[in-house]
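Scrolling down, you'll hit the structures one after another.
Both complexes shown next keep chain A, but they swap its partner, so chain B is in the first and chain C is in the second.
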Partner chain A sequence: MSNWIRSLNNSVVKAVRQNGLYLILSVASFVVFITVWWLASAWLHGDWPFEGRSPVITAEYLPYPWVVVHAFFDSFTHPDPFSDLYMGDHVYSSMKRIASGFALAFVTAVPLGLLMGRSRKAEAVLNPEAELFRPIPPLAWVPIFTIAIGFVWGPIVIVFMGIFFPVLLSVRLGAKSVDPLLIDAARTLGANRLQIFTKVVLPYTTPYLMTGVKVGIGIGWMCIVAAEMLGAVGGGVGWYIWGTAQVARYDLMYAGMVTIGLLSILTTGVAGFLEQRLYKWMGTK
Partner chain B sequence: MDKKIVISVGVAVIVVIAAIAAALILGEQDDKVDKTGTVYYITVPPKDMRASLSTGDIDGYISWEPYVSDSIVGGVGVILEWSDEIMPNHPCCVVAVSNSFSGGPNGPDLTSRFIRAHMDATVWMNNALSHTSSADYDLLVSMAMDFTQRNETVVKAAFDHIEYGYEMNTGFRSALEDFTDMYIETNMTTNESLASRGYSSASDFVTKYVNGTYLSTAGSVSPSDTILNPSNPIRLGYLLGDLHQMAQVVAQNTSVLGTGKSMFQKYGLNIADATGAPFANGGAEMNGFAAGAVDIGYLGAPPAILNHLNAGVGTTIVAQANSEGSGIVVAAGSGIVNLDGLVNKTIATPGPSSIQFLLLKIALQREGYDLKIKT
Partner chain C sequence: MDGNEVGSSIRIQGLSKVFTDGGKSVTALQGFDLDVKDGEFICLLGPSGCGKTTVLRIVAGLESRSAGKVLVHGRKVDSAGSDRGMVFQEFGLFPWRTVRRNIEFGLEMGGVAPDQRHKTSSMLIDLVGLKSFEDAHPRQLSGGMKQRVGIARALANNPAVLLMDEPFGSLDAQTRNLMQRELLRIWEATRKTVLFVTHSVDEAVFLADRIVIMTARPGKVREIIEVDLPRPRERTSAEFISVRGRVLSELDEEFEKARAKEIARQ
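What follows is the complex of A and B.
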């Protein structure tokens, strides 16, 4: 584990050295974003530098950045107004759902994607269902899943629906895109079907798989509010956002939104780091 | 390379299985029994409560009518306590008006006329409900069936537990003050929010937020032969299938008076559903008020209070719509006969900002029990 941490540290230092300009641009972009947010809020509130302007009612819907930052830290040290749970408890509940939904999506989407990518018959059988269900927003499934499957697994399955299709489609695309010349070459060298699969198809598909995983995790977090809106046992960040919005505690609502953003960055970042380690280990980079 | 791939796939499968196992184990740990006198709640939309009760996902629920009678009539649940046993004459739904509407051109006159129609509709309903063999009663039941999408038996049973009224007496104001104090106590709103809206206390807030002027002036409103706002209809907000808000259904119906006109039309009003109506809950309706999409609306008192204090939504409560009409239901055959039986059980509520959540909390606190989210 310590080697991994050392490696991560080295990677960060190296990235800073090599990508200094890009880092500065990213920081500048974030500063601009916060400034625009502050100005928009000041404009709505009629505060400096827009003192002459009368505040509008919708100002309450866009609190100042520092109000949200305060609410964010406060949410970890004070329980929420409804459940006596702290933000840490909500994060834990949501992470459990994301992890479980991801695990379910991974074990089902990867084999199905490989199958669809390498077998035209399988694709013909599975593609209509995939295309039929893919565009349905997870929110539409909420009443069905929470009632039919229950309050523990219902939210997990909603997250699963969000992660499943990006992984499935990416893996299918990867498996379909394998250069036939590589397969012919392997066959010429005497490789059997299993060896072709493990030595050619799987390595070729891995970058697509990892792209699908990263996109899927992001979408999984996008589904968390819908997943936890109703009947979420143990709360969750999505439940927290929905609940605070219902009572117009918008400072807390934004704090929940910031938390989801940070969790998404964290989990997608971990997936990206693992991706790099995987490529290195496989010798493809 | 070959071995590495096989190992990597193997490790991935093990990780995935471990994650599922961990989730299952953690889930089981979360279900451990607590013997400290706690009742657990989760949030479920009222329309889904009966189904959740029948599947055993919840042990009971608290909701408004007709979702209470829905389970009782269907044999899925039995009543544990009606809300009047928890808090007699407790306020529930109210009529709120947008301050920008009531303060705008013709706003006071149009609001008074609206309230007059609301009063007439309430009187008509109470009269119909007290004569269950009358044609008016049949018409009311028919309208309620259409509005709630529930059958006749459910609707008739539900009517027995709702008190329709428009007056805002001392008890009404006192209850709203208690609710506000409870919201401050639980941090759903704060004294700072109260002060920032210009109120010195919960009592001062209720005094100013509840405006009885329109009820006073509505009595002298005369019918109008012409529609006074033909091109600018009053945009009406109300909740989906909420039987507590039947007054607006009655006031819009053109069969009630037998003149071909609705009660709103009788007083010269053109009414249209606000964009977004019927709303899923009071919070959504208050967002409609904030967005300037709702002029007058029926909703629960708590979301009106909380959204006004926390987000400054410019509304005022101008009439009551109903009191009581909620109840705690437990699964039929569960053996639960009193609140003690709810300890360690899971009870669904429409959400922490609902009046039903407050009533459940009040009932349990009285017995010395805590209400906590199901974990």
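What follows is the complex of A and C.
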């Protein structure tokens, strides 16, 4: 474990050294974003540099950046205004939901994607359903799933619906694009069909799978607000956003949004880190 | 063992291949016959599109045949198998495997125990001159080294015949000459039957015991030229140049025929 941390640390140091300019650009872009936010908020409030302008009634819709930052830290130490849960509880519940939805999507989308990518028959059978369900936004499933399946599994299934398709599509693409030369080579070396699948198709598809996983995790977080819209057992960051908006605590609402952004960055970052380790181990990078 | 004579490694009789693609059919091979002796080095040479690679792929079992018979050591060929090793122009190495693990691929598929695999691959790494590169990945290797891995990998299963599809076609001229010498060294050490497809006359004369010149499409054997020169052959020697001239003139005639057909078709 300490090895992993050291290598993570090394790669961060290396990134800073090699990408100094790009890092500065990223930081500058963030500073600009905060400045624009501050100016917009100041304008609504009628504060400096827009002094003298009477405050807009809806100024509370856009609190100052530091107010949101304060609310963010507060949310971890004070229970939310509509239940007795802390932000930590909401994060935990949402994380569990994302993990369950992801696990479900992974164990179903990977085999189906491989099957559709390697067998034209399987693709002919499964494609109509895949194409029919793919464009339906996960949000559309919210009423029926939460009512029919309940507040434990309903939200999980909605997250699952969001993660399933990106994983399915990228695994299918990967399985389809396996270099036929490698399959020929494996055949002349005596590989049977199962071995071609496990020793050629599977490793070839792995980078595609990892792309699908990263996109899927991001979409999973995008679905969490919808998934928890009608309620979820144990709360959740999405539910937190709905609840705080209902009682007009917009500072806390934004804090919830920031939390989702950070969680998404964190989880996708972990997936990206694992991906790099995987490629290094497989020797393709 | 039907139709197998002693010392015959590959026997191809009346081989035909028709490709159909969306209603159009193209006859790639028609009545191709060839008998390859055990341990012989054969080069297949012909105008492009004459079906030389198709012959190789059918012998490898990667392609079906429309008519005819293909026997390898008396056994009818109907699918790919580890008794025929193949080396590809574009190498076809597994990018996620090290040199050693690429070479061991066939042994792994055949269920050979790890320590035996290791022994065989070490021997082959020595043979093809890849020592100290065994833990490298294909992307770290030059073209010539990649093909050394390709050859070692094909030899690992100890196949009776080695099928080589323009193996040095994507290498630069210097590397190509070096690899030709290396291949002869390996061939002399292992004494495999080699069926080698090339479009380089020079390469064929340098390598082959016999050069099989194919006709333009539909491909069959036009002429077999015996290269009775001692190895190592000197590319600048009078004998080499004379054989080269003979092969070239045969080939030129086929090329002209192919072109005339092409023009007639238009």
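We take it that the second predicted complex is superposed on the first by the 283 of 285 C-alpha atoms of A that agree within 3 Å, B and C clash if a C-alpha of one lies under 4 Å from a C-alpha of the other, contacts with A are read in each partner's own complex, and residues count from 1 in each chain.
Note that a contact is a pair of C-beta atoms (placed from the backbone, for glycine too) under 8 Å apart; a residue touches a chain by one contact, two chains touch by 3 or more.
Everything numeric in this text was worked out from a predicted model, so none of it was measured.
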{"item": "First, second, both or neither for A:247, with chain B first and chain C second", "value": "first"}
{"item": "Touched partner set for A:58, first chain B, second chain C, both or neither", "value": "first"}
{"item": "Touching partner for A:132 - first (chain B), second (chain C), both, neither", "value": "neither"}
{"item": "Which superposed partner A:282 touches (first chain B, second chain C, both, neither)", "value": "both"}
{"item": "Chain B versus chain C as contact partner of A:21, first or second or both or neither", "value": "neither"}
{"item": "First (chain B), second (chain C), both or neither touched by A:152", "value": "first"}
{"item": "Chain B or chain C, by number of chain A residues touched", "value": "B"}
{"item": "Chain B versus chain C as contact partner of A:5, first or second or both or neither", "value": "neither"}
{"item": "First (chain B), second (chain C), both or neither touched by A:200", "value": "second"}
{"item": "Partner chain(s) touched by A:185 [first = chain B, second = chain C, both, neither]", "value": "second"}
{"item": "Contact residues of chain A, present in both the chain B and the chain C interface", "value": "195, 199, 203, 282-283"}
{"item": "Chain C - residues contacting chain A, complex", "value": "60-62, 80-82, 84-86, 88, 90, 92-98, 105-106, 108-110, 137, 139, 153-154, 156-157, 163"}
{"item": "Footprint of chain C on chain A - complex, ascending", "value": "179, 181-182, 184-192, 195, 199-200, 203, 282-284"}
{"item": "Touching residues on chain B, where the partner in the complex is chain A", "value": "1-2, 4-6, 8-9, 12-13, 16, 19-20, 22-23, 26-27, 30, 42-45, 48, 51-52, 55, 57, 186-189, 281, 283, 286, 290-291, 303, 306-307, 309-314, 348, 351-353, 372-375"}
{"item": "Residues of chain A that touch chain B when the two form their complex", "value": "57-61, 78, 81-85, 89, 93, 96, 99-100, 102-104, 106-107, 143, 146-147, 150-152, 156, 195, 198-199, 202-203, 229-235, 239, 243, 245-250, 278, 281-283"}
